[in-house]
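Next come two complexes built around subunit A: one with subunit B, the other with subunit C.
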Partner chain A sequence: MNTRSSYLYLLPIWIYLATMVVSPLLIVFLGSLGLSPYTGYKFTLEGYAQFFAGKYVEALVFTFWNSSLATIVAVLSGYFFALYLVINKPSWWNKLSFIPLIAIYTPYLIAAFMWWTLLWPRGYISLTLNSLLLNLGLIQTPLYLVNDPYGIGIILGKVWYTFTLTFLLTYGPLQLINPEIIEAARMLGANTRVIIRRIYLPLSRYALLASSSLVFLDNFTGVSVPLVLGAAWPQYLSVLILNDVTLFFNYIMAYTSGVIYIIIAVLSGYMFFRYTKKAISYHVR
Partner chain B sequence: MMGEKKTASRYLLIAVAIIFLLVGYTLALFLAPTAPSTAPPTTVQPTTLPLNEKTVYAFEWSQIEQLAKQEGKVVFSIFGGTHEQEVFSEVCRRFTAKYGIQCEVILGDWYSTVQALIADKQAGKTAGQYDVVFLWSLPFKMARENGVVWDVNLREVIPNAKKVPLLAQMFGLDMYPTDGRYVPIVWWQVVMLYRRDKLGEWPNADVPKRLDQLLDWVKKYPGRFTYCDPNKGGSGHTFLMALMYSEYTYEAFSFAGYSEERARAILYSPGKSGKNFWDYLNELEKYMYQPGNYPQGNIAAIQLFEAGEVWLLPMWIDTVLSEINEGRLKPEWVGMYIPEPGMPEPWDGVIVAFNAPHKAAALLFINFLLEDDVQAFIAAQEGTFPVVPAAWDLVPSEVKKNPAWPVNIPYGDFKAWFRYGPFYFRHAEYMNYMMQKWIDEVAKK
Partner chain C sequence: MSLLALFYLLPVTVTILYALAEKWYFGEDIFPTQVGLAWILTIANDPYVQRAFINSYILAPLTAIATILLCILPAYYLATNRGFASILTETLVNLSMALPAIVIGTGLLVIYTLLGLRGNLLALVPAHMIFAVPFSLRSITASFMQVPRELEEAARILGASRYQVILKVYLPLTWRGFLAAFIFSMAISLNEFVMTLLLGAPSIKTLTIVVYELIRGYAISPTRAAATSLFILVPSLLAGFLSEKYLRVSLSLAGGR
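Moving on to the complex of A and B:
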């Protein structure tokens, strides 16, 4: 009775999961094998062969390293900013704490265009930085800071909002660390660097890893920022999918790229939930 | 004696013939139908036929108009931005004022609109949410292949559609055959935008007047030319199509069947310049603005012009007009011209959705979109050429004076151009191939 009624109670969520999660995933997977109305229901592995043969792998590699770099920069800056606030408790923070939140309330597309206007060849940041570097003799020709083949513009655009995400995800756990432990360490002669290395970092490492996974996932799968700030080549895999669907009607490649994307996103999501669970367990204890 | 008899019978014969003629004419006079009145009928005969793709050809236009008024509403789905929404909302207001039919504009993106129609089709939904849908070539192809376009030759039914050039209506959607299931309403045009203050006034301006002179020009002015990523902006891929036509002739592509083998065979063979298409573009790239760094869209490209970074680039007339009107582009900088042998032009337009709930109103609305004054309004507001010839005369002279219009249209007269051509269309499938290969052969190198 109990088991049957519990199944009944869970029925809505099972129906939701089946229709909103499982079936789209299944459609994408079957589509990558040619089994979709857009590909003519003809089984083929052509999509995978083409994916691993050419530009799609290059796009995947670029997407991976570029979003990883953006994640590292965002996580380090967000985490150290959170550490700074926890350790120094600056008085101005109470008045200015809303500022980092602007980034997460700004739609990605608008943020991307904002950065474009700052980074394009006549943008303020581009003009300032390039004139500085040229005057110092460090460069001979101006740097391309947007739509560039290294994805500098993409990294800056992504870091702008994922910084806040990391900061918010790590600031809370850092505040939860018992201040008596820090006090005891100081009384025993530990300096700030030692306290960070031996206390803050170990006690917040799960929050750090979880936020890294989440930020990576966000960076890896986003389309607006690489679409606006990216170059003609290399492109993010998400931009290739967009073009395959809306410009070229190349559905099999869109489905195949989607499957690869999902696999990597699932792995990253798994890491996030695994470490989040550990972090929660730790804090509950 | 015999002679008298002969004469008498001749008279008798003549008399009988006269009698028969008189009787015949009298009968004809009474039985013949009366001449039609030249005055318009005061009432329209209602029809009991349902309006569908089979019966629509049997309807009088006045009956369609009456039916449209009974339907009382039309829903027009458009793509573009808020400016297009404002322009077409005004068109809608005028339509309502003229016919008393409610008109609603829905701004969306073409992809989701067509997907919604396909979903309706798959779900068997016979009354949808859109009546008239504004499209361009790729979505039209997608819609047609999925059977969501109302299967009616609109040219046969809509009176004003006959004012549109037949070639443009049948192939203006990037040479994708429309079979009249679509009617153009705007004629977009890409031309070359150049710095008039730096390069001089037309016709003495120091610009490549023919596309085969472009390479020499960029060598003379290194870093002063750019075009936008063809996968991010229409001015980029339209310009590259013009280059393709210039290198390999328009005839090699126009209305030709497509295969990847043929596309490859053409574009990897030497063109007029002696180089294959990709080598030519890579050579061009060496002398372009920030070689290898392509503006990601039409706006990104024109902003480089506005900032004084580049002096020459292909651009849409409507974008230039809008930038001047918004005060971002100095009009004294702007020079616009069409290089030889020409720049291709897409004629975007409308279809009636297969499940349009107000089909008669949809037909009436499309007819209204092609009225001379409406076309003049759209042309003036959007920066497009009208698709009916008489409309150009109605475009206000202050709009025509704007430097955003090209100075060297064929024959120097829009009506003559409209009448005699040439109309230069893009070939969607070769364009598609070129856009994908451009990434491998140009962007990645």
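Moving on to the complex of A and C:
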């Protein structure tokens, strides 16, 4: 294919990306320096000074630990579920494999609302758990499982979706592991725990790391779940940006938070693609 | 197995129960005292929700079609060339997946305001496409890669142009990849909340925006929100079920069997 004419094939997507992805990012970056129609085109670093001085850092820290915890729960449970399927090959899986995929086809906001119906003070999970803990004498007053300052509701809502994502991203690579290696290990006396530790885990580590990065990215940058299930404070950085734009019209802080958000998100994205490539080349070899 | 089913089906079941609850005194009763279709019918006859329903189901297929049209030529190039331009394009497309929607939306708000596109239904299509493009491009490229090169060479020897090769050789052989891209793009558009909230305001409402309006603040209406949710949840799950049954879309995208 002639190089010049071949670029015509890529031109539509380049124009699209330049308009819909690169331009908004430039606008956000320039806006964080005060160079935007909404900030009066006056160069300033006030946004960054304010970001690192108060509630924005608090929101960033909350976003980071809450999404990290949700990622750990989702990745561990999703990976072990994928391992269970690969090792035990349960007969019900072929008929019921759609069940965890429900999360993939449910819009985030609707999923968040569905969890809200279970976790609000009159929700079934909230009622059951609180009555159990009260009867056992472990708590004196009912726990808030949604819109709570620890983000318990956010974690549950996120795990519901990202469990499926982890499972999907690790199930395929686990299936590609040569069964003869497992067979050989079994013949040499290895039990399931040893096989997981010495064979499955090392051979699927890149897929596991790739899924962890993607799940973290999804948890870290999402808006709908923390918006519906989160507390008035502390808030996710994404919710803070949304409020700055739609309620308080504090554009300079929205832009500044956006720049910091992008830096962290791109780093996680880089990890995801790096590990994905390694996982693919590992299996191709 | 039962724990997994409970984890995934309980939220869906309870939402359906809320939608069917005609009388439910949350402070006193564990279950609704009267069930029926009253809320669902009320919502179905509400012009505000009807408008949102129409908007959602206009935007979703338009987004899917526009995404596929945008991806055909680049996918052909990516499937047949592995040079610098391919790597750069793939990196840029993949990078867009990593970017927070709220940040891109905040930047797009300036562009849309300057161009007078805020509150324009059709102008939301390119915004809804942002997160659909990476999945669709990957799906279409992968299906193009599976077409034997000999078929293209034979068509070229017989005098077909590259565009004819794409239209007459590739497209008929790769419909599964296109269908997967179409379904995923539609699902992403139906899922889209932030872009619609930022760029569609104040006039464009979709079903997710209506649900959000019903559950935010202090005037929460769980039964109405649940009934509205069903109008997006049931078609999404049905499409998902059919696509998994016949195409194994997400499992094949993830490399599983």
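The rule is short, and it goes like this: the second predicted complex is superposed on the first by the 268 of 285 C-alpha atoms of A that agree within 3 Å, B and C clash if a C-alpha of one lies under 4 Å from a C-alpha of the other, contacts with A are read in each partner's own complex, and residues count from 1 in each chain.
The rule is simple: contacts are C-beta pairs under 8 Å (C-beta built on N, C-alpha and C of every residue); 3 or more make two chains touch, one makes a residue touch a chain.
Predicted model only: the values in this text are computed from it and were never measured.
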Clash or fit, subunit B versus subunit C on superposed subunit A: clash
Subunit B versus subunit C as contact partner of A:Val228, first or second or both or neither: both
Subunit B versus subunit C as contact partner of A:Trp116, first or second or both or neither: both
Partner chain(s) touched by A:Met253 [first = subunit B, second = subunit C, both, neither]: neither
Partner chain(s) touched by A:Ile102 [first = subunit B, second = subunit C, both, neither]: second
Touching partner for A:Pro12 - first (subunit B), second (subunit C), both, neither: second
First (subunit B), second (subunit C), both or neither touched by A:Tyr144: first
Partner chain in contact with A:Met20 - subunit B first, subunit C second, else both or neither: second
First (subunit B), second (subunit C), both or neither touched by A:Lys55: first
If touched residues of subunit A are counted for subunit B and for subunit C, the larger one: C
Partner chain in contact with A:Pro90 - subunit B first, subunit C second, else both or neither: second
Clash-bearing segment of subunit C relative to subunit B, given 146-154, 200-208 or 236-244: 200-208
Footprint overlap on subunit A, comparing subunit B with subunit C: 116, 120, 122, 227-228, 245-246
Sites on subunit C touched by subunit A in the complex: 1, 4-5, 7-12, 14-15, 18, 26-27, 30, 70-71, 73-74, 76-77, 80-81, 85, 89, 91-111, 114, 126-127, 129-130, 133, 137, 162, 187, 190-191, 193-194, 197-198, 201, 208, 211-212, 215-216, 222, 225-226, 229, 232-233, 236-237, 239-241, 244-245, 250-251, 253-257
Parts of subunit B lying in touch with subunit A, wherever the complex brings them together: 111, 138, 142, 229, 231-232, 290, 292-296, 300, 303-304, 307, 309, 432, 435-436, 439-440, 442-444
Touch list for subunit A against partner subunit C, complex: 1, 6-10, 12-14, 16-17, 19-21, 23-28, 31, 36-38, 81, 90, 92, 96-111, 113-118, 120, 122-124, 127, 160, 163, 168-169, 171-173, 175-176, 217, 220-221, 223-224, 227-228, 238, 241-242, 245-246, 254-255, 258, 261-262, 265-266, 268-270, 272-273
Contact set on subunit A toward subunit B in their complex: 54-55, 58, 116, 120-122, 144, 147-149, 227-228, 230-235, 243, 245-249
